[in-house]
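Please go over the structures that come below.
Each of the next two complexes has chain A plus one other chain: chain B in the first, chain C in the second.
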Partner chain A sequence: MAHLEIRNLRVEFPSRRGRVVAVDDVSLAVEPGDILGVVGESGAGKSTVGNAVIGLLEPPGEMSAGEVHLAGRRIDNLPDSEKRKLRGKRIGMIFQDPLTSLNPLQTIERQLVETIDLHLSTGEAAARRRAVDLLRQVGIPEPGLRVKQYPHQFSGGMRQRVVIALAVCAEPDVIIADEPTTALDVSIQAQILDLMRTLCRERDVAMLIITHDMGVIADITDRVAVMYRGRLVEQGATERILGSPDHAYTRSLVAAVPRPDVKLIRFPLVTYIEDANETPRNIDISRHWLGEARDFGGAAGGPLVSLDSLHMRFVTRRSVFRRNRAYLDAVKDVSFDIGEGEVFGLVGESGSGKSTVARMICGLHVPVAGAIRFAGTDLTALRREADLDPFRRQMQMIFQDPFSSLNPRMRVLDIVAEPIRFHRLAGSRREVERIVSDLLEQVGLGAHAANRYPHEFSGGQRQRISIARALATRPRFLICDEPTSSLDVSIQAQVLNLLKDLQELLGLTMLFISHDLPVIRQMCDRVGVMLAGRLCEVKETEALFENPEHDYTRHLLGLMPRLTGLSRQGLELADRR
Partner chain B sequence: MPAFLLRRFLQSIVVMLTVALIAFGLFRYVGDPINNLVGQDTTLEERDELRERLGLNDAFIVQFGRFVRDVSIGEFGFSYQHRRPVRELVAERLPATLELSLVSALLALLVGAPMGVYTALRRRGFVSRGFMTLSLIGISLPTFLIGILLILFFGVILRWLPTFGRGEVVALGWWTTGFLTASGLKSLVMPSITLALFQMTLIMRLIRAEMLEVLRTDFIKFAHARGLPARSVHFRHALKNTMVPVITITGLQLGSIIAFAIITESVFQWPGMGLLFIQAIGEVDIPVMAAYLVLIAFFFVAINLVVDVLYFVVDPRLRADKATANGQ
Partner chain C sequence: MAEIQPAGSNRVGDRLRRAIESDIWFSFTRSPVTMLSAAVTAIAFLAALFAPWIAPHDPFDLASIDLLDASLPPAWMTDGDPRFLLGTDDQGRDVFSTIMFGARISLVVGFASVLFSLVLGVGLGLVSGYAGGRLDAFIMRVADVQLSFPAILIALLIDGVARSVLPRDHHDELAFYVLVFAIGVSGWVQYARTVRGSTLVEKNKEYVQAARVIGIRRSTILLRHILPNVTGPVLVIATIHLAVAIITEATLSFLGVGVPPTTPSLGTLIRVGNDFLFSGDWWITIFPGLALVVLVLAVNLLGDWLRDALNPKLR
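Take a look at the complex of A and B:
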């Protein structure tokens, strides 16, 4: 008998304009010791399913139809006080962000003891022993010592282990994990997934994993259910779904996943998703403003960007006395060249210093030592703003978070026009407006986007606005810092395609920063691998993936989700285009 | 943490010295101190001699040093108006102000905080809306008007409560208290409510806003998902997380309760420091004004120092500078 069974679940959110159906007619079942993945893109309603099971729908959401059964007993119609007793005791929950899931003002011990004592009534002392025991089981070193500490004294991965300990502390029958590894680095992600798999098998727990990440699905789940706009489009054994999906949406989704094993010229464009219908109207670059002044001169033949023993040090503790100061060497002795027209990838885990390198190149940080040469000129030697401006115009940056990198109070027109006006790249006001609308067309948004505000756009569309803004200075060099990390996989495919197209069209040179190896493989000509502030290997992309030399590179590649069983159907689609 | 406290302590001393400088400036340069001390018929020679004897011809820095030394042992000189040491006047009046402020602060906290929590949890409830409306009145009506309305209603029409003064007081050494007599307690009711009302509504609205913020966080959601009872989630997890901003504002407000007791004391003829200060302004009694200035500044600084210590008690993230570095 299934531990957890959901039958014909329907969740509605009443609003002023009628009732919004978030989840419609979803039926799922999870057996003990089994892991079921629920996959879908943002807004597909997958988290809502999880919340409905534990009875914690965000108001005013409500279950308007369907049943939830736990070990044969119907639980969705229980009174609130009964439901509360099930939470934590019979159904454990794990959330996405370990940094915010724990109460910052209480020790780990207090949070564990409170939960254990509540559900198992063991008394204070026994609960304390059990807390230490649990921490050991989830792989926290020195549990006796660590249990007395506060959440901020743990790293992200360790906190997620604590969260898992809290979720399993009362021996639940079912665990619902909502994006459990999305906020973590790849190596930590692999460890956490391992831990979850072990717990699931050892304790015979039925586990429901909600994620948008196909890598996680391929790695850990036995069966998978695909959701699209609140409905279940397909469910079955993981290998079958990923290998030969039936439904068109699943096929598109699988095709859009960046492949770690082979480089494609373009991402297969999926047709089943929002805002994909807008075919960009390409402009004739040889006659357009965007193509003008592309003859930059200077350093013919040499690399466009050249970093020479770059070093960056931050002060983490200030003090009058030298010996009391604490430093963090974020970037140590990094040197590499980027040739004209090349896409150079920088890969590494969080804290490896890859973003710091980017910020130094565009002048947001001043390096402690070393030189940054752009077309032969050492930028670190330039002190006057006026001397730097022409170089700033030639480099632009695209940031990770599309929500905070656009000023919410400015119209898109002004956002994109600002760099044109600042650098005085166009004469009349009318000309600026014409250029902006061309740029918006070029990035696939359409000219009508100009009069709207950023909040009216989705994440992927905002990233397109960022790209248009970056193009507005007619740059030569584009720095993309995790440009698609916060986007859904189908939107990611579109944005990456757009970047590829623009790079080709304008002959842009690019520094592409990502922690996602498959994306790097699809995008870059050469790759540098960073570890703890040092560059440990620089190689042609294909060579790096086929014959990694450095141990750390091999380690990273070993952590890539094993997506070998992916359907090839998508690829054929791509080839046919 | 000791280093931090030491730093804050040194900063406090700088603040106090600055205030002392202003007070000294008032004392020394607003009007001629000699003129204020002696009568019309004093000769110029006598004045000069007095000036020399009082050290008014010394260098500025010497005079200021002397002033700071005197002030630090509570010596503020003679009141021009009362012809008595300012220290005695202050000692007489201080208990009245402190008792009134203490009662008001407790009232504001003990009523305001639960109301804040309640309105945050039952956001759409009938009672919450009632509290919110009332709090608007508390915020927007000026203190003196509330005081006068209270006097009119409870003092004049109903004749339940005395309308002015402290009632009978009992002397405990140099401290006089109204807590021990019925008339003293009755006299406290209206002034303390008047003084507390604004702070109460402020604390209520602040706690409500902070609670609403905290209730949206992931760890509250996770606490619910672990099946913790609502009471524990709301009070043990949520309320404590609202404390840092609440402590900051409450600390500052406690300072202003003492400082702005002036208006309430005037309305109720409460024999406290505020009333003394108002009278001193009327009579250009500069030593009293200087003393009041220094004392109020001292209260503010002391309260803020306590607030800084409380941060450490409440938030472990501030405590563990070293442990963080090791833990990562």
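Take a look at the complex of A and C:
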């Protein structure tokens, strides 16, 4: 018998403009020792399913139909006090952010002992022993010592292990994990997933994993359920769903996943998601506004951007006295060149200094030492704002977070026109407006977007606005700092396609920063791998993926989700060089 | 291009439509207390604004004042005169009309000093938050020091100093400006602190960095990018501050250091009437007092509602 069974679940959120159906007619079942993944993009209602099971729907949400059964017993109609007893004891929970799921004011021991004693009534002493034992099982070194510590003394990955220990401490039948590894680095993600799988098998727990990440799905789940707009579109064994999906949505979702194993020319057309018009119009660049003034002069031949032993240090503690100051060396002795028209990738874990490098190039940080040469000119030697302006026109940046990179109080027209007006690239107001609507067409948004405000657009559309704005100065060098890491995969595929098209069309030179190796493989010609502020390896992309030299690169590549069983239907593979 | 409409034409309509559909309007229509406060505030504003035209008497027109009408009780009392709804004061002026004229002065002083505080505080807050470092530390320490004194004390101090510095003959003419300055300076700290906090958050957002990458100068970034994004809380403070400023003005006027009796504000009226309270002519001070309480309460409630409505966490 299934440990957890959901039948025809329907969740509605009443609002002033009518009832919003978040989840409709969803039926799932998880057997003991089984891991079921619920996958879908943001807004698909997957988290709502998890919350409905544990009876913690965010108000004003309500279950308007369906049943939830736990080991054969219906639980959704129990009174709140009964549901509360189930949570933690029969149903364990793992949430996305380990920092907020632990009480920062209590030691790990107290939180564990309290939960164990409450649910299993073992008594204090036994609970204490059990707590240490649990920490050992979830792979925390020196558990006897660490159990006395507070959550802030643990790293993100260790904290998530503690949360997992909390979730399994009362021997639950079911564990619900909502994006358990999204807040973690890749290397830690792999360990946590491993741990979860082992625990699930050993204890015969039924596990429901909610995620948007196909890598996680492929790595850990036995079966997968695909959600789209509140409905279940497909459900089955993981290999089958990823290898030969039936439903059109699943097909486009699988096709949009950046593949670690082969390089594609571009992502296949994602038709199921109406986000924007896909291909930009083909334009004759030699006669188009975007093609004007592309003759920048300067160093012909040599690299466009050249970094020479760049060093950056941040003050982490200020003091009048030198010996009391504390520093963080974010970037140490980094040198590399980017040739004209090349896409250079920079990859590394969070905190490795890759964003800091980008920020130094575009002038947001001033390096402590080293030189940044752009078309032969050392930018670090230029002190006056006005001297820098011509170079600023030539390089633009696309930021990571589409929700904070556009000024919410400005119309899209003004946002995109700002660089044009500042650099006086157009004569009249009409010309500015013409250029803006043209740019918006070019990124697939349509000119009518100009009169609206950023909040009216989705994440992917906002990123398109950012791209339009970056193109507005007719740059020759574009820095993309994790441009798609906060987007859903299908939107990511569209945005990456757009960037690829524009890069080819305009012959842009690009610095592409990402922590996501498969994305790097799809986008870049050459890659630099960063670790703790240093550049460990620079290589042609394909060569790096096929035979990495540096230990750390090998380590990173080893952590990539395999995704070997992905369907190859309808892909255009790039030629191996 | 035809698709982009010229600024102006449809934008006003657009804004109006958005305002009506917005959550703020929704929460407004759901709160009877707020709607009542808004109505009271609106009536008070209109009455004060149009006082010279709609007031039943002109209390400053000496020709129309008759000493025989002095100290008449409100109209509904036995000795009351139907011409004077709320009675008359010791000089025969209509209390109802003086309240309308007094509210005018109170509101003008209130608005002017709020505006003064706002400009000063928002400016210092923006600079403090964006520049950081020593300038920030200096401005904020000054703010801390000022915050450790009650605002009324600061206002009194500035008022007193200004009066001793300025020539005595011009006191009455300058009283208004001195008052606005005193109340304004006593209130900038709240704006500065709030704006500094929001600026610290906003300046690290990517849209500010995007503007820096283009090369936009600091002052433009502050005014065009950061300022519009920190105005929400400022609006709330300003509304609540308006009530405080009106009360402060009334207090100063009551103490005799506010506006001169020739152009009385509500505070002056209360002070003047106070002398007659124990001789039985209670209406001369009670009615201006009530008007002040109702006005300040209504503005305060509006401010409270605005704070809750603009704060998504409380919604």
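Please note the rule applied: the second predicted complex is superposed on the first by the 555 of 577 C-alpha atoms of A that agree within 3 Å, B and C clash if a C-alpha of one lies under 4 Å from a C-alpha of the other, contacts with A are read in each partner's own complex, and residues count from 1 in each chain.
Keep this in mind: a residue touches a chain if its C-beta (ideal position, glycine included) is under 8 Å from a C-beta of that chain, and two chains touch if they have at least 3 such contacts.
What you are looking at is a predicted structure, and each value in this text was computed from that prediction instead of being measured.
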{"item": "Chain A as common anchor, with chain B and chain C clashing or fitting", "value": "fit"}
{"item": "Vertex chain A angle, Cα centres of chain C and chain B, expressed to the nearest 10 degrees", "value": "30"}
{"item": "Which of chain B and chain C A:Lys89 touches, first, second, both or neither", "value": "first"}
{"item": "Touching partner for A:Val21 - first (chain B), second (chain C), both, neither", "value": "neither"}
{"item": "Touched partner set for A:Leu364, first chain B, second chain C, both or neither", "value": "second"}
{"item": "Contacts of A:Val538 with chain B and chain C, given as first, second, both or neither", "value": "neither"}
{"item": "Partner chain in contact with A:Phe399 - chain B first, chain C second, else both or neither", "value": "second"}
{"item": "Touching partner for A:Ser437 - first (chain B), second (chain C), both, neither", "value": "second"}
{"item": "Nearest Cα pair across chain B and chain C, whole Å", "value": "5"}
{"item": "Doubly contacted chain A residues - partners chain C and chain B", "value": "none"}
{"item": "Contacting residues of chain C [partner chain A, same complex]", "value": "1, 3-5, 10-11, 14, 26, 205-207, 209-217, 225, 228-229"}
{"item": "Chain C-facing residues of chain A, complex", "value": "16, 359, 362-364, 385, 388-389, 392-393, 395-397, 399-401, 404-410, 413, 418-419, 422-423, 433-434, 436-438, 447-448, 450-451, 466, 469, 473"}
{"item": "Contact set on chain A toward chain B in their complex", "value": "54, 56, 84-89, 92-93, 95-97, 100-107, 114-115, 118-119, 149-150, 152-155, 163, 166-167, 316-317, 326"}
{"item": "Contacting residues of chain B [partner chain A, same complex]", "value": "217-219, 221-230, 232, 236-237, 240-241, 314-317, 320-321, 323-328"}
